[in-house]
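What follows is a single structure, written as C-alpha cells, with notes after it.
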C-alpha cells in the first residue's frame, strides 16, 4: 500500500486521456470513462509490487525501495507482473477513448493497490468505491502468467483461483546459553518440528485429488549462534480450492502447532490470522460472454481453457461486495518455446517483449466490449 | 569489539590508581602494576557485552546499543557478567596498590574485549601483548556463575571449560511463489530437516558419557509468507570436552547437512567455520597453588571443586600462545537459597548485590598473591 | 493366490449352470458361455481376499486363514468386497443362461485371483488365458465402493484408477546393545527419518492439482527393546494418475531413501520393486456404450459420473495384453444415508444387504448386453 | 527364563563336585558350598541367553532355539557372555572344593536366569532364595566385557552400571486403504515422528554432562504395503545413572508420545512399563576389600579402575532385597591389540580363548577369598 509513484503515474496518464478519476483506498485510482447510455462495466488492474530485488537485467528494471511492516527498507519490483496489467489497462482505455463512436455505456477503470497482501480490494470498497463509482453489471480482470503462451489468453468457468489463508505463528521458548540446552525450551528445534510435521497434512490428511498447499514462507529466530533464543516467528500461507478442504486444513495446522509445542513442553504458540483471500469463482454465463468477446478480438484459437490455479487474488472482493458477477482470465507471458520462463514472484520474472502487453490490452478490449453488449465479427 | 566506552572507563580507573597502561587489540587495555623484583603474574578480566536487551529492572541497567555484523543496531548488556569481572579486577588492583609493601613482583592486568566472539584474546596476542608486557609465569582468570553460591568460588584441575566451534550454514534452495511448491526447492523445509536430523548426533552418535552439544542458535529465511525463499541461513554452535568427541561431532554435522540437501535435491550448502575455541585446561600444579591462595583469603570451606562446564572461553589462548600455564575459576552469583537465578546470557541476569563482587575481588587477590609466591595464614 | 476354496465354489456354481470352464493361473477360473454367433465380451470378477481379521459381526463372517509370504498364518477376509463381485458375476451368468434366446455371442467369465497383489491378471494371461478363451472385443469389470450410493453405479471416460507402485526397502544399520548407540548405526531412527522425509514429496514436490500418494504400509525392525537391530524393512505403496507424476515421484522416493541413509552414515539401502500396476484407463467410446446399457437396466438417473479414484487394479492388464479396450465401473455399497460406511480394506467393511449385490448383477447384465450389441429400451 | 538345559548342566556339574544345590526361580540354581564356621559370601553368575543367531563360526557355537513372548521360535545364543560367567563360577567353585583346607565359611553360588529381561534376580528372591540359603555379608558378581583387556579386571566404587527402564508403546491409528490416507490416522507416520522427536530429549533436555540413552529397539507395524494399519508397536529402552536424570527422562518420553499422538489427531497411545532396572552401586568399603583380593590373585597391575557403564544389571536386586552390600566387576574379553572386538549382544561376540575364562575364575576366587576374610600375599 505504498504505490505512491505508481498512482501518480496513472493519474497523469488518465489526465492525458481526459478521463475523470479519483483516489480511493489510499493509493488506488479509479477512472470513469463515461460514454452515453448503456451498461456499466468495471475493469480492474492491480498496481502493487513485491519486496524482491529485481534481477532481470532489464534496462528499465526496478530500482525502487519500499518499507516492510517492521520498518526495514527493502528493494521492490513488480515481481508479479502488475505493471503489465496497468499498462494493458491504460492502453485499452486509450483505445476506447479514441473509439468513442464504437461503444456506449460506462467503463469503470479500477487501478487497485495492495493485491499481494489482500488489502487493496477491501480498502477500496471500504473507502466508498461503489458509492463514488456507478455500480457495474460485471467486474472484469486479468493476470499475466507463464503457463499460457504469449499471444493467447486462458479462462475457465467456475473456480479460477485458490483461496489463500495466511497465519503468523509466534513460538515461545525459553532462552538460555547455547551450551546449556537443558535450561532452555529451544524454539528453533520446536519450529523445525512444526515445519516437518506440517508436511503430513497435505501428504496424509487431504484427499490426493484435492489440491492443497501449506507453505512456510518465513522462519526467523535468534541473533547469535551461541544463544538459544526465546522465540521464533513463522509465517504460513495456504491454498485450497473448496471450503471443505480449507475447513480441514486450517484446524489441522493449528492442531499440529499446538501439539508440537506440547511435545517441547513450551507454552501454546500464538497463531494470528494475517488475511483470508476467498477463492475466485468466475460466473459461468458471463465467462462465456467474455470468452466470445476476446475470441472476436484475438481469434478463437487464442482463447484456451484452463483448470483452476493455486494462485490467489483479492479481485473477487470487488464484485462480491455488491453481489455482482465477475470474470477473470490469464494472458501469456512467454513464447511457448522460450527456454527460460521465470515464474511470477521470481527476481527474474520479465514477460517477453511487446506481445504480452498487446495481448493483454486486446483481451481487455475484447472482454469489455462484449460485456458492454457490443459485438464484433470474430 | 565495540567496547569503546568500557575501555575508556578502565583507563580512567587505572589512571586514578597511577598504574601505567596501554591499549592492545583495539578496545583491550593492559595495566602494568610493577612492584620490584619477583614473579610476573597475569590476571585477565573480560569486558565485552552481548546483543541482549537488559530486562533486569535494575536502576543501573544497560541502555547501551551496539551494531551487529550486518549493520543492525541492537540493544546490548553485560549479559554474561563481564562487568563484574572488570569491577572485581579493578578493586583487586586497588587493594594491591594500597598494599605495595605486602608483595613484590609484577601484575599484568589484562582487560580483554571480545570474549564472546572468541576474537579478543587472539586480537590482543596478535597486537603484541606479550611483546609489550612482561611474560608471566602463569595467567589467571575468573568468571561469575549461578551454579556456585555467592561468597564461594569453585575450581578444578584439568579440563575446565568446553571447546566451542561455530558454523554458519547457507542453504541454497530455489525460489517460487508459495502456491507453487513444485517449482521450488524449499530451503525452510530443508533447514527444518537439518535441525531435526542434527538431534540424532548427540542422541545416537556420541557416547552417553561424553558431553556434547549441538545448538542451532539462529535460523533465518524468507521475507514474505507467500514466497518460498531461495535461501536459509543457520548458525550452529557446538561444545565438546575432548578432541576425540569434537573430531566425531563436526564431521557428523557436515555429513547431515550435506545429506539433507541431497534429500531435497538442493545444491550443497555452504558451511563456513566462524570460530574455534579450544577447551580450557587448568594446569594441575598451579591450580593447587591458586586454590590454597584463595582458601587463605576466603576460608577453605568456600573453595569448592567442580567438574568441567560446557561454557567456552578464549582465555586459554593468552597462556597457550606463549606456552605458560593458566588457572581459571568461578565465583558465585546468587545466594544458594535465591528463588530466582537467571543464568548468564539471560536478559534477567543480575548477580546478587555486593557479595559476588567482593568475593570476585578477594578471590583475585588470593589467587594472585599465591601465584606471586606470597603466602598468608588461612 | 491361495483362493482354493473360492475357486472350487465357483467351479461348482458354473457346473450347476452347465457352463464349460477351465482353471487358469492357479486359482483362476474361466467360464465360457457360448451362445451362437456374435461378439465376444469378457467380464472379469476378482475373487481374492486380504490378510485382515473380519470384525463385521456378520453371521457369515470369514473365519478363513491364509499364509503370508514369510510363512505366518493369518486370518483373511474378502475385505475389498471381491466376494460381492464374484456373486454378482455368477448371478448375471445365471440370468444370461436362463435367457439364451435374448442374446447371441460369447461371454468369457473371468474369475481372477490375486488382484490385491497385482499378480492375478498377469498370471492368467501368462497361463494362456487368451489362447484358451476366444479373444473379446472388450473386457468389462466392476468394483463395489462406499463412495457410490447403493443401487447406483458410477463410471468415467479416460483414467479411472491410479497407477500403483510398490517398493520394499531394506535398511542396513549396524547392531549394538541399546545402551551403546555410539557403536550402532540405528536403522529404526534412519527408517523414521525416511518416513518423515517422504512426506515432503507429495507436500512440496508434486503440483497440488496432481493427485499422488506415498504410503508406508509396513515398518518392521528389531526383536528386543535393548538391542539396536542391524536392519529395518519398510514397504511403500504409491498412487499416481499420470506418467509425468509417476516419473517424478519414484525417483524422488529413491533420492530420499538414499540421502537419509547417507545422513546416518549407513550403507545404501536396497530398494526392490515389488510390482507396478499401470493406471486403468476406460476406452471413451466403449464407456458410452456400456453406460447406455447399464442405464437401460437401472435407469439413467442411477448411472453417475465420477472422477478418477486413487485405488488401483490389475484389471487393465487383461485387455492391454491383447490390445483391446476395456471399461470398468463402480457400484454402490451403502445407502446414501447410512451412518456407518466402513471403507474397503476395513475389518468392518460389509456392503449393505441385497441391494448392492442386485445392482452389481444388473449392472453386469446391462453392460454385457450393450457390449454384445443387444439393446433394450431404457 | 527358558534356560532348562543350562540349569541341568549346572546341576550336573555341582553334583560332580559334591555340592548341595536347589532350584530357585524356575531355571535358577543355587549351590551351597559349606565349609565350617566363617562368613557367608554369595557369588552370582548369570546364565541366560539372547534371541540372536550366533555368527561366530566357532565349533561350539550355539544352535539352540528359544521362544519369544509372542510365541515365535528364534535362534538363541549366549550373546552377552553369560556362559563365560557360568563357566568361571563353576571353575572357581571347583578350586574352592579342592582347597577346603584353605578357607572356612560358606559360599552361596547363585546361578541366575533371566538377567537380560530383569526377571531373574527378582524371581529368585520371590522364590525364597534368602529363606533357603544363608544370608550373606556381601554379594559378588562379574561380567565379561571388551572394554577391559583380557587378563585384567576393572572395578569402581559407587555407581557401576546404569538404571534401565523399558516401555512398550502401542500407537492406535485408524486403518484405511493405502490409496486413501485421508481416511486413516497413519500409525507409521506417527511412530516415525515419535522416534524422531524422542531424539531431542537426550540432545536438548538432559544436561550434556549427564549420561542418558533413549533407544527404540523395536518398531513393528503393518502387514501389507497397501494397507495403512491401525496400530504400531514400539519398545523403548532408557539408560540413566542418577535418579534426577531418570526422573526427567521418563516423563519427557511420555510427554513426546502423547503430544505426537495429538499432532496426528490419534488417541492417546498406551505406554506400558516393561521393567525397571535400578542402577547398580558398588559398596565403597567392600569394593576396596574385593579389589585387594583380586589384586592378590592377579597382580595389582591387572586391577583397573573404570567409570560407570551404561549397561544394566538386575544383580543389585539380590543384595538390596536383604539390605546387604554388593560388589560387581568386569573382566576382559579380548587381547588389548585384537583387531576385531565385537561387543556384547553382537552375533559375533566371542571372548578370546582361555585367558578371559581363567581370569574370570581367578578374579572370582580372589574376590570371594577376600570377602571371606582370607588374605594372601599379593
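Miscellaneous remarks
Labels A, B, C and D are assigned to the chains in the order they are written; within every chain, residues are numbered from 1.
Rule of thumb we're sticking to: a residue touches a chain if its C-beta (ideal position, glycine included) is under 8 Å from a C-beta of that chain, and two chains touch if they have at least 3 such contacts.
For reference, the UniProt names are A, B, C, D = Amidohydrolase.
Predicted model only: the values in this text are computed from it and were never measured.
The two sequence copies chain C and chain D touch through a face in which the numbers common to both exceed half of the numbers used overall. Across the two candidate interfaces, A-D and A-C, the one carrying more C-beta contacts is A-D.
Chain centres here are C-alpha means, and the one lying farthest from chain C is B.
Note: centroid distance chain A to chain D, computed from Cα atoms, is 65 Å.
Mean C-alpha positions place chain C and chain D at a centre distance of 49 Å.
We define each chain's centre as the mean of its Cα atoms; on that basis chain A and chain C are separated by 43 Å. Looking at chain C, one finds that residues 179-181, 186, 189, 193, 196, 199-200, 203-204, 208, 213, 239, 310 touch two or more other chains.
By the touch criterion stated above, chain B contacts chain D in their complex at residues 196, 198-204, 208-209, 211-214, 239, 307-308, 310.
Within the complex, the chain B residues that touch chain C are 179-182, 184, 186, 189, 193, 196-197, 200, 203-208, 252, 255-256, 258-260, 262-265.
Note for the complex: chain B touches chain A at residues 50-52, 68, 74, 116, 162, 164, 166-168, 175-181, 183, 186, 188-189, 191-196, 199, 213, 215-229, 232, 235-237, 239, 274, 309-312, 343-347.
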